[in-house]
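In the part that follows, the structures are each spelled out as structure tokens.
In the two complexes that follow, chain A is the common piece, with chain B as its partner first and chain C second.
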Partner chain A sequence: MKTLVTGALLTLAANFPAVADVNLDELVQQAERAAYYAGEDGRSQARMMIVDGQGRKQMRQFTILRKDVEDNGDQKMLVFFDRPTDVKDTVFRVEKHALLDQDDDRWLYLPALDLVKRISAGDKRTSFVGSHFFYEDVSGRAIAEDSFSLQQETDTQYVLRAEPKKPDTVEFAYYDVSIDKATSLPVLINFYKASGEHYRQVEAVQIETIQGYPTVVRSKVTDLASGGYTLMEFRGAEYDLGLPDDLFSERSLRTPPRQWLN
Partner chain B sequence: MKVVALILVASLLGWSVYAQETQSTGSNDEWQMDEWGDWEEQEQQSVLPVTGFFDVAVGQRFSSDPAISGNKTLRDLRVQVQWEKLFDASSLHFTSDLYYDGVKDNVEIQVRELAWQGRLSALDSWGDNLDVKVGQQVLTWGTGDYLFLNDLFPKDWQSFFSGRDDEYLKAPSLSAKVSGYFDWGNVDVVVTPRFAPDNYINGEVFSFFNPMAQSNVAPEFVVSDDNRPEGAEVALRYYRSVDTTDIALYGYRGYHKSPNATDEFGRPRFTRLNVYGASAISPFGSGLAKVEYAFHDSMDDSDGSNPLVPNSQSRFLVGYEHELVANLTGSVQWYLEHNHDHSSLLNASPWPQYESEQNRHVVTTQLMYRALRQTLTLNWFNFYSPTDSDGYMRFRATYKPVDEWSVSGGLNWFYGDESHTFFNQFEDASNAYMAFRYYY
Partner chain C sequence: MTRFSAAMVVLCTQKPKTIYLVLLVLTLLIGSQIPRIQIDTDPENMLDASHPARVLHNQTKQQFSMHDAIVVGVVSDHPQGVYNALTLNDVHSLTETILDIDGVVASDVMALSTVDNIDQAAPGTIRFEWMMKTPPSSDEQALEIRDKVERLPLLYDTLTSQSGKAAAIYVPIVDKNESYRIAETIRASTNGFTHGDNWYITGLPVAEDQFGFEMFVQMGISAPLAGLTIFILLFVFFRNVPLIIAPMVVAMATVIITMGALIGLGFTVHIMSSMIAIFLMPIAVVDSVHILSEFSDRYKPGQNLHDVVNEVIGHLFTPMLYTSVTSSVGFYSLMLTPIPPVQIFGAFVGTGILLAFLITVTFIPAYLARMSDSSLEKLQAVLHGDGDKQSRIARVARGLGTIANRFQSSLLSVFAIVFAISVWGITQIQINDNPVRWFKSDHEIRVADRVLNHHFAGTYDAYIVIKDRSDVPSAQALLSDTPPQGLSDWVVETQQSLQNLSATEQLQQLIIAIDDKLFSDVTEQQSAWLEKTLNTADSALNSAKTFQSPQVLNTIQELQAHLQASGLVGKSNSLADVVKVVNRELRSGQPNDYVLPNSSAAVAQTLLQYQSSHRPQDLWHFVTPDYRSTLIWLQLTSGDNQDMTHVVQLVSDYVEANPLPQGLSVDWAGKAYLNVVWQDNMVAGMLDSLLSAFVIVFIMMVLLFRSVVFGVLAMLPLTITITFIYGLIGIVGKDYDMPIAVLSALTLGLSVDFAIHFLERTRAIYQQTGDLKQTLQAMFGEPATAISRNALVIALGFTPLLFAPLVPYITVGVFLASIMAISALVTLLVLPAVMSKARRWVFR
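And now, the complex of A and B:
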């Protein structure tokens, strides 16, 4: 479930003039696939430690199921929360739509009320369950949202600069993403304000190869302004489980499909 | 309101005594996330753990109620215990509250969930499509926010008015639910063998308008056994998604959830009710649009001429929700209760001046703001009825900077022109509250 975190970073644009002999378009798509679309489906346990600017800590523990409708396209996702106590058994369901003009469909199951609540589309650059990760870091920022240019190429990495096509919809002016040549994974993303202030950083801290898919198992996002940060770690990631389509439905919110969760 | 919120926030921030020494940089040690132990331990715990919270809540009336002595509206000392046991293909869930209610000076136990949940795969292959949940449980469906058209599961209005957490608006019932999932749609059938009424306003903590007395009364009445049905309730729902729209059809056979009828001696009683309805919710523009309808067929007064029994009603709801700016979501609902056979009602009523309008309109508006990485939630909700010229405003702020505790405070404010209207009869119930919760 490399998927989750690092990916945010990527984004690419379709109509890029090729710089040197690097096909940027292909590069970004490949990075998006590596970060968010490994295998046909996947499952992982995850936990986050959220540390605010004053050093106060919060934890989240959850299990994610994901299934791709198509690579670089739509996806189905379920997030089952285990901890902390007040969100235990809460389930979040997303039908991610890759088209820019179609919002994701989202539902939240609140066990204390036995309520399945449809959630309206929201700003994707707001906190994911209270962490420093944004919703978009987890679900993936569509590569068509940004224009990419090659800044630098080293022996091991490409460094791309991404500029949003709709600057008024995001809080950054641009970001630089380093893509690892060996794995195609984005491993570092630095976000900048128009003033040039570097205020946010997402990094892949540890990468493991699981079933042949390089997977970010530890990642960290830092809010450089407040000093707050969130660590995210994946455990027990598995790919190509053969998750059935009908798993991604209201039934799984009310009756968690335990045979697929452990 | 803003001022109140700011003061509240300021005082809450002052509470943050949890600051920890230094800020680390994600060193290797930190990845152990020691506070939670290792993962394997978590997995074992997930089979056996008892979790829950302690909660202290205090609420007070703004002005005294002539019908009730004392201005306390909320004095809870509460512990909630949750436990679950997982089997191969099913699970057992238990959630119970034990609390001292200082307003009623009672110790109470409320078992919110004691239920077995599983798939019926064992029966036969068709059982793969069926889930069952049997026992004490909380049930919810429908699309309205705080407005219920097709959700006839029991509500606890006393808790709602006193500022207890939203979870307590829904009361548990002893029910069996069978859910079927098929290509042509999903079906829920809920049978509650013994009628489970709302925890309605009966004068225990909040008074209500009585047309005979022409003023508010607080009789703390209990419905006598012969006026309280013991029959079953059956609720049905069919639902499916069509493209990105969620549609549903509903049915209910049971009783009015509050004792809105009276017998020939003037004593409160429950009467028969059947409900048929439908709803749809769909992305629209940049938000979510919803529509719901329900026909409440008051079976014991089908022509509306019996003043002792509520008339049949049609209820309509149209709503729209949309994120106004990042972290601020706004929603608006328009709701109509249409009383059928209204002229028969007025003709037969001993106090037509106090009967509800033929069409009672209610508009609700909600603003929900999440700040400080969602550790602070401000929720403002207002009901306003242009036909009754009255309303009910709710505000709640919750601050939860760490996993272990949260603190919240809020207001319930009833307002209006006339003493008998739906919301304004509760004018003297207006209150403010604070609560502190510690999770274990």
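And now, the complex of A and C:
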């Protein structure tokens, strides 16, 4: 029901700037599906290179396991760290809830401290392990969080402007997202302050089709103020592995499910 | 020399217009550079740009991503201190304003609303959240913020005070030359707050900016005022405006040409060089006063004007040349001090004095030769009109003569005792300085400094930089094992791609390269070799991260505890504190978990959490990403060099008694430390320049008088005077600071002038009379009057500095005025006594 209402509002808003035949609601849902819900489940190895304004680099390497409860809906996720080796076997566990007023559940396992800790939901726009990606960039910002309007349509892309429904919970005033018509993937997101200052950019650098799913295999976030950026590369992505539900439980934190990780 | 001077005077008196023209053109041409003035107020420039301490300081700033910061403080009288809704709303809205100001490093702004709180949302749940995302809507909510801040040692006593009465916002800025604009924007906001809180804006960039402004005030007010004072004095002496226009022209031309040359040559105007005008003006007129005194004495109506001028100049040329050279030697000796602004000051004032001499001996004769008969008659009327009515200054001089001649023995004893006490006083001198104290005590910067340092752990920053200087295994070495078949090309390629990286980045990239290679098609043999190398690289990279080791962090923590216990440091912050806070919140949130974890991996995992906040970059203010350099940030409540020196000593003693782990080195950075370095340089440098000036002036005196005895006599009054002044400084406990240090050498060159004129004239009169008693009687006529006049010109010429807005200027004013007055007095009182007692050696 809620989705319907939101969708109606979105469509209404979109009707003003013209281009009446684009169904915005469908467009953003499709984009969300393409970006975060490919297949029923998925696995990928990821490597982040965090580069600061002075060009100094830090590396993070991890494996992500994901299983959808429902497309455009709830998801379960596990992130297992490999490198640097001093954080090896650190695990994040996430139960993502798509509804606007339901917070995600997040847990953390730190092997060297022999500690499982729940992370209070609160703010999702904190750094993901020191990178320029936010936690929310990795798990996916639910489309229900923003109101979209169509800015521009080109031969290959739609450009949508998104404004947060709860401006207090985010650091941006709005963002413009370019959605590739061919793949439905968001390929460029520019974040702006209320002053109009363009301060942050997320881009899909390379896209490959894996098992029929267009997949972003290189993406980059740039902090335009400092010039620092993080480059994230994915490899070995696979979909529809049949990951069991009980994999996404507290047990996997202390005992990494080796057979699903390689 | 006399023949040369005579020829020159003839030339000048015959072609006065040419002289005027040359002087005018030179003054206009070089003076036209003055509008290009560049003010330099950065205390850092007291050290040469390539000085190791300064290089390390800037390197540290860069490595740890630090910027100069404006500090905004608020003090509230509310019963809950700043933890009330109104004040925190103001803090919040001001922070929003600040974040939007161009030139502010927004990501590094430290304020209650821009930092993270880490705490327990519930048992077993850690929470990262903005400390004050939205301002509190009630005083109860405001108190919750207090409870949060008090749990975070990195913020407590830095963002809010222990008393709870004060809060601060630290505003790092990209370019400190923008600080004025930024501070004004902030001030405009704080002026709009109406809740009775007191707002303060300070920080080094603001202080420097303010300083530059006050320097202009000084140059714009004190220098013209000095000109006016000298003009009035000259009028009192000579009562003849056309006559005293001449020395004023000399002074103006000298100042304009010297400043124009300084600016035209591309030097910045620093606090020292901003005083050039006020130094040159009185010194420049001194020679003219001698000429005018003697000219007005000798010229009688009906005489040939040119002849009198020739005679006067011929008579005074040598002593004037020597006094000018000795004065410039005093200033030139400052070039031995390894402090660039002091060197530039010395060089330009020294040259300016020689220039003044040159202008005096060319322009004054030209000017005198063109004086109208009516002006000359008026001069006569004033000076010789009434033989009985001596000028007041002449009466004083005669009075001094009576004392000097009658109480010779007592005078000598008194001076001997004063000298002895002064020598003891010098041993009591306290060396100390603090650029913030260059502002007067009621200046808003000083007020803000006092208030904020009263409430907080300190606004003066110093950094202990600890580096691991031991070697990290190179990727080259790790790849040196013979690779299995088919990998050699890959090894060569990899080695080449790693060449220009730092050691730890080499390891990191090597790991990535191997990892990628393993992902491609490799044989089993290749895979085994790669895995082995990968493991070695992984563990090499891990063990290279020195400051992730709990043992090393514990060393740092103990050093911090030692510093805190000493009471000399307001607060210290380090990577160890970051780790302990996160560790505590990861565990129970209770004080007993405020400890370092027990392994490097645990530290790494703790820090991985710290980086999962809104401000991951904060970590790099404490440690470099390779974990091989770290810093301990010290907050000091005093910027006095003495206090900083104690802290440096404390650390060095501690490190000596408790050696750091192998390979670690300790260095210092931070402005408070740099001040200590340049002050040490200055003290050592000043001793060099004082001694060298003393030796050079002494040799010049021996040459001038062609007598060692007269050389010693010439040095006697200034030795007594300088010893007395510095003894006094030691005894009254005035800090020996930058202006006082600088003045020691240059006063030597200035105060010897009186002795030169006194001895020169004594010898001349003695040759005529052959009788010492008669000679000394005569000396307290015109010669003593001229000396007293000059002493007054110089001493009073510096007094406008007393009205200057900055303390160093005032110190210079008081100091120079008294040293000039005292050395003239000592010259007149001591030399007759010594010459009488030692007559057998003096007049052989």
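Simple rule for what comes next: the second predicted complex is superposed on the first by the 242 of 262 C-alpha atoms of A that agree within 3 Å, B and C clash if a C-alpha of one lies under 4 Å from a C-alpha of the other, contacts with A are read in each partner's own complex, and residues count from 1 in each chain.
Here is the rule we use: a contact is a pair of C-beta atoms (placed from the backbone, for glycine too) under 8 Å apart; a residue touches a chain by one contact, two chains touch by 3 or more.
Computed from a predicted model, the values in this text were never measured in an experiment.
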- Query: So if we stack both complexes on chain A, do chain B and chain C clash, or do they fit?
  - Reply: clash
- Query: Of the partners chain B and chain C, which touch A:30 in the superposed model: first, second, both, neither?
  - Reply: neither
- Looking at chain A, which partner touches more of its residues: chain C or chain B? B
- Is A:235 in contact with chain B, with chain C, with both, or with neither (first, second, both, neither)? both
- Query: Touching A:220, do we find chain B (first), chain C (second), both, or neither?
  - Reply: first
- Query: For A:149, is the partner it touches chain B (first), chain C (second), both, or none of the two (neither)?
  - Reply: neither
- Task: Determine, under the contact definition given at the top, whether A:108 touches first (chain B), second (chain C), both, or neither.
- Result: second
- Message: I'd like to know which partner A:201 touches here: chain B for first, chain C for second, both or neither.
- Response: neither
- Query: Does chain B (first) or chain C (second) touch A:85, or do both, or does neither?
  - Reply: both
- Please indicate which partner A:157 is in contact with in the superposed arrangement: first for chain B, second for chain C, both, or neither. neither
- Among 222-230, 240-248, 276-284 or 366-374, chain B clashes with chain C only at 366-374
- Item | Overlap of the chain B and chain C footprints on chain A, listed as residue numbers | 47, 52-54, 56-59, 61, 83-86, 88, 112-113, 115, 118-120, 122-123, 125-127, 129-131, 235
- Task: Can you check the complex and tell me which residues of chain A touch chain B?
- Result: 45, 47, 49-59, 61, 82-86, 88, 95, 103, 105, 112-115, 118-123, 125-127, 129-132, 205, 218, 220, 227-229, 231, 233, 235, 246, 249-251, 254-255, 258
- What residues of chain A sit close enough to touch chain C in their complex? 47, 52-54, 56-59, 61, 83-88, 90, 108, 110-113, 115, 117-120, 122-123, 125-131, 135, 168, 193, 195, 223, 225-226, 235-236
- Query: Taking the complex as given, what residues does chain B use to touch chain A?
  - Reply: 16, 18-24, 26, 30-31, 33, 35-36, 39, 42, 46, 51-53, 82, 86, 91, 95, 112, 117, 119, 131, 137-140, 143, 166-167, 170, 179, 181, 186, 239, 244, 246, 281, 283, 286-288, 321-323, 325-327, 329, 370, 373-375, 400-403, 406, 439-440
- Item | chain A-touching residues of chain C, taken from the complex the two chains share | 62, 65, 100, 106-107, 116, 121-122, 124-130, 133-134, 505, 508, 511-512, 515, 519, 538-539, 541-542, 545, 548, 583, 586-587, 597, 599-602, 604-606, 608-609, 611-614, 616-617, 619-620, 624-626
